[in-house]
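The data blocks that follow each hold one structure.
Here come two complexes built around chain A, the first alongside chain B, the second alongside chain C.
The block that comes next holds the complex of A and B.
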């Protein structure tokens, strides 16, 4: 008997992430300080190393035991997820003591969530993908509820856990049904088996049910309408930096896994299901934007805005061309950094253990804290899609690709939605610059300030010079399409 | 598996599962779950998966359920009068469950599953040796990942369950926190 250790270097980034999580978990036990800044630094270092290892170990198409691939797609997401997680860690280094989080397991849990995400984005087998998803979810459930003395935090954790467990069950049922028909859980083999059957015939209904359940499970994780109901409550109740992590890294990971499934395993069926994606995309962005208009709580507003952005991203998944896929990958990066900035500013306004979350709390920020206000403005304008920021470039690529694929109506809906979204994003700007309030005393928050400023800078840079990331995105995307 | 054995067993399994959901008393619910899990093991035996059947009984019907019963008795649950769900909710749940049953039943009825016809089983199917070889070669990644998953679950459970030190026990407020 031989073990499949022929190309174990494929697993190095994953193994390193898990090992580093264990290391940080152990070191944290001996931490003397209750602020855990050193633990944060250690975590950030590990995440940077994960990005470095995956960049250096890039071997296109190499697969370990048919379960995990380290292709350009995986590497793109390994780096993106590591960067987003580093941002989340830097935000947390000030936020954790501010919010009164006394559990040092906070950082190891983020590392384990990242490990789960890495598995998700690089898995080429449905079972492995599911295990990654569960590892990530398990860590995030706990992170959402880590402020045990906060009712809202408890509510967020419980809601996310119960609904998430239900979604996982659906996903698993879908995988089982697909396995029953195709006899495999490996993405490529599933695609071959589907292609060789008449999948629209009445006796393949089980397969379509499986596909439906699989998509429903993922729709929950990416917060697409009608599976979005948990999002605002969970984002509002979870610690702000955890919400930032969920809205950016978790969403990027779930989208990556969804892309792999939709464009590899289900590629033969998707032409007949593009209407489903169309409906999901249109309803998700419209619902997200119109409900966001009515929010007075900025955290909830950002939650609905994240739902709306899921809709925009689904436009790219619907179009499913090479350009659209690359645009989705770019948009996930752009959306990630600008949301880190927005949630980061919210975290920076934490006072006496309570985040200031109402739009009225932003009054006078332009005078009292000009840097934070500038960061928030950049992020809001970018989320809205104002040139020359990253959000505009991302939307431009996405919508052009969808137009070229012939989805004119969907793009019109998306553009109208972007116009509507301007109303609530600009509402924050109005409060910051055209309303005044007395200055508050704030303790120095160096890590938070650094992280949000960096996020805003990256947002501007991604918008002014999109080609390096866009090039990497299109290489990454073509690696799963042309791959085995 | 002979149909004369299968259909009575299937009815019993469904009755057990209904018992889990419909019983108001959590202990009875848990015991129904034991029965359901036990009956499921019989199907595994009929499918030649003896090791899985044994694991099902030892781990699920045995260890996990003992844990469930311990927790239930420790929590000393009593029915909460404020906890009554509205009949509308119940009807909606029943309706969607029936709809799912009809759709799934209809789909499975129409589908001929590949490989379901009497194909001979491979040599040593269901034995510990074959299962172990599969687990440590083809499914090695999934197997190792499961251990990470369980570790995360344990860490999470400890974080959420352990008693927090009261604010007075903690060292002086950290410099960054305005009290």
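The block that comes next holds the complex of A and C.
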């Protein structure tokens, strides 16, 4: 079998990301200092280059017989994932030595995870998508457990690995079943094949089974109820910057793949399955928010909050219109930035080998670290949906699109959920400003401080001037709708 | 600056907050001076805006606009009319006083307090100048954050509870409003193909009756919580009692007015068809609030709580004036908003003065203060008399106008409201008597210091304004007159139709097939309005069948008669007006109004 490689430039960003990962790994082997700051810079540089290359290669088309596409959708996510990963790298440059992580593989692993994510978001073939997902997952399994001497980190890695493997199996089984019915794994062909069969007939139950397994596999990756149980434990146990990366970049990548599948390959089935997405969305956000209310550990709270936000995003997937899809893309950017800021503040509060994670640890932050407290406030208020921050514009966009699509009840549930979420996000503000505590001495953390301040600034900017990103999201989404 | 006067005014406090935040923590005096200077500058800018303002027009003026989310037609669109202008001046007037008084009442984390206060001013001014509904919502919600911090950080013992209650009540109250305004934007999109949140565009949206009623309820809920109207007032006493003095002053003086202001600005013009149905209910709730607030205030042992409940009563008057839907009542309501801001703000300041000395606000702890602190007692007397509406002071003007307006609306309700005036006098005078008169019963009060120079600096301007507004209300009434008339016209009440005064031939509702339509008339056009785009954006759907309108000449009007409906701009309608004699059209208006009610 020969593969036509006519459009090899489609793969440039991907190839570059992999090559740069290997380069960083090699450089790290020969570096004498164990501080890894230079390695961090090198990684950030490579990630920035990935974003640049993908922007310049926009519209290059498809390669490998329609298995990978560098359409506007891919480019949007390439840039978004690179930016989020750069944030994660900057956070790590101070956090890694603080947390006592002595393994140089840290940054190369992030790059490999990004490479996997890039494959995943630009894949237009189920098998390639799975390949990307596994590449990414392998790297993240290791990252979650990179603090080998830490019990919780080990637990996180093991839990994530076992459940992740289970989800991968489900996913693969689903792909196989779909292939059995449609005879293809290319998204567009799958859609055509499904459209031409009477998929509700009894003998096509196999197809529905496949679709169900596929969705279940993705529900695990995006942490949707009832496949969310791993999330709080893994986020809590993993190094904070890895949690940040997982909650933002990995989630964005998984959503990108889910959008491609649901709105392209499964487009003909979705009208009959929108109830399922509806239930998934409603239960995910409600569960996430109500359980988050009871958390005293901020990292766990953020984990449940990320589940709740999965629910909001699923509202957009449920609506499944072009507007809703664009809104999901915008929301992923807004959510990514504000969430990475919140995790970043957590990382910034780390003392040597001791993570400060309880809400009570935030007491007095408003007085002792005013800038950090302000950043945290902006991130919390934005996650809550306070105008005019990014989170508000994102929710507004998302819910309006869902309203236009006629999902009034679901939007009402989502709005009520936002009210509930206010209670726990404000709880952090309460601790920071209403309670006082003695000031602590901190070692200087220039990169962390820079990264979280930048995240907060972007959160504000995305709310005040949302048009460029909204426009990009809209173009990106229409590129996959009109594609095949 | 010529074109960005309002923006400058809105964001200057935020810049000031940034500057204060940069100063080192120790230099409290410097940062307070800086904050006061900034807020005085803002006051000067608002005065300048008043000078630029053309009071003869009810149009929005000093308009500024640039895009924010073009996808949804939301823009940074700001401007003022007479009503918002007066509230803006009230805000910029109170803020420096509060900042000065913070020297006495805030003893820790002064920097944060000054920063929060200045940010609060930006959000309050932003709320008042917003002419884009989404922008309004942004400032409206943002306003909660600094107030939340002010109550929560610098408040009393139960401050955490009070601050959470405050923010959750108002936030839950305003979420339905968000849904309703999205619906309005969607309706505009459905009608014209273009999203818009600009208020003047939304005035022209036609909605079926049921959604209009639901949207009305959503907006009403948001504003009723803020006002607060009985029975949604329970957050208010908690917030007031726990808030620091300055927080209470701003909360009572400005934040509560946002509810009544929202009612004037949004509810009345946006949902004219619902008003005839809703106003009796609102009037009733308002009167219940008046009497309930007064009765509960009477039994309060705590002075601050007493003043807090008196707010519920006073804002009941404001709502009653608005519910009367005639220009006397609405003007009185707006005037009473200003009065309440001044007198209640001053009362909170005065309670704060004595609290700083004795650290108690219980009435029973005091008595005979008249002899110990005569200046304080005099100030208190004037403010209290203003609050109960003594002729010659500002409170009288507002209450009188409201009651006259309300009498045209519903004499029975007015009778009950008057009893509220009596009760108001009773609880205030009784409190004054117990605190000020008689012998000094508590030895702790014998050595009380009278008002310091700083406290007098804060109090004298307020008292001066109280007297001026009582003796010479004309400038204030003149500023709002045209705007109130324009608002009432948008609300479907012609100033002439309500039998008061005025000669605007503005929007005329005509009921056709169960749907009342507003026609943009020539009366509301104003050559001095600074935004040509704002003047008459509404595509007028004129359906004049059954109006008895006889065209004097051919052309447009006969086309209308034959096709029952045309879509056109104000020029079309001007032609119609020219064709019809005033009589039949006015008759159509009256019959439409009757049908509506």
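What we mean here is this: the second predicted complex is superposed on the first by the 476 of 484 C-alpha atoms of A that agree within 3 Å, B and C clash if a C-alpha of one lies under 4 Å from a C-alpha of the other, contacts with A are read in each partner's own complex, and residues count from 1 in each chain.
The definition used in the following text is that a contact is a pair of C-beta atoms (placed from the backbone, for glycine too) under 8 Å apart; a residue touches a chain by one contact, two chains touch by 3 or more.
Just so you know, these numbers come straight off a predicted model, no measurement behind them.
Asker: So, does A:470 touch the first partner chain B, the second partner chain C, both, or neither?
Answerer: Touch partner of A:470: chain C, not chain B.
Asker: Would you check which partner chain A:112 touches, where first means chain B only, second means chain C only, and both and neither mean what they say?
Answerer: first
Asker: Going by the contact rule stated at the top, is it chain B or chain C that touches a larger number of residues on chain A?
Answerer: B
Asker: For A:164, is the partner it touches chain B (first), chain C (second), both, or none of the two (neither)?
Answerer: A:164 contacts neither chain B nor chain C.
Asker: Which partner does A:205 contact after superposing on A: first (chain B), second (chain C), both, neither?
Answerer: first
Asker: Just chain B (first), just chain C (second), both, or neither: which does A:394 touch?
Answerer: Neither chain B nor chain C is touched by A:394.
Asker: Taking the superposition as given, does A:183 touch the first partner, chain B, the second, chain C, both, or neither?
Answerer: A:183 contacts chain B only, not chain C.
Asker: Taking the two structures together, which residues of chain A meet both chain B and chain C?
Answerer: Overlap of chain B and chain C footprints on chain A: empty.
Asker: Please output the residues of chain A touching chain C within their complex, sorted ascending.
Answerer: Per the touch definition, chain A meets chain C at residues 366-367, 370, 381, 386-388, 392-393, 396-397, 399-400, 403-404, 411-412, 415-416, 418-419, 422-423, 426, 429-430, 433-434, 464-467, 470, 474.
Asker: Of all residues in chain A, which touch chain B in the complex?
Answerer: It comes out as residues 1-4, 11, 18, 22, 25, 33-35, 64-68, 94, 97-98, 100, 102-103, 105, 108-109, 112, 115-116, 119, 125, 127-128, 131-132, 134-135, 138-139, 141-142, 145-146, 148-149, 157, 180-181, 183, 202-209, 351-353, 441, 443-445.
Asker: Contact residues on chain C for chain A in the complex?
Answerer: That would be residues 21, 67-72, 109, 112, 134, 137-138, 141-142, 145, 148-149, 152-153, 159-160, 163-164, 167-168, 171-172, 175, 178-179, 182-183, 185-186 of chain C.
Asker: Which residues, counting only chain B, touch chain A once they are in their complex?
Answerer: Against chain A, chain B makes touches at 103-104, 106-108, 110-115, 133, 136-142, 145-146, 148-149, 151-153, 155-156, 158-160, 164-165, 170-171, 174-179.
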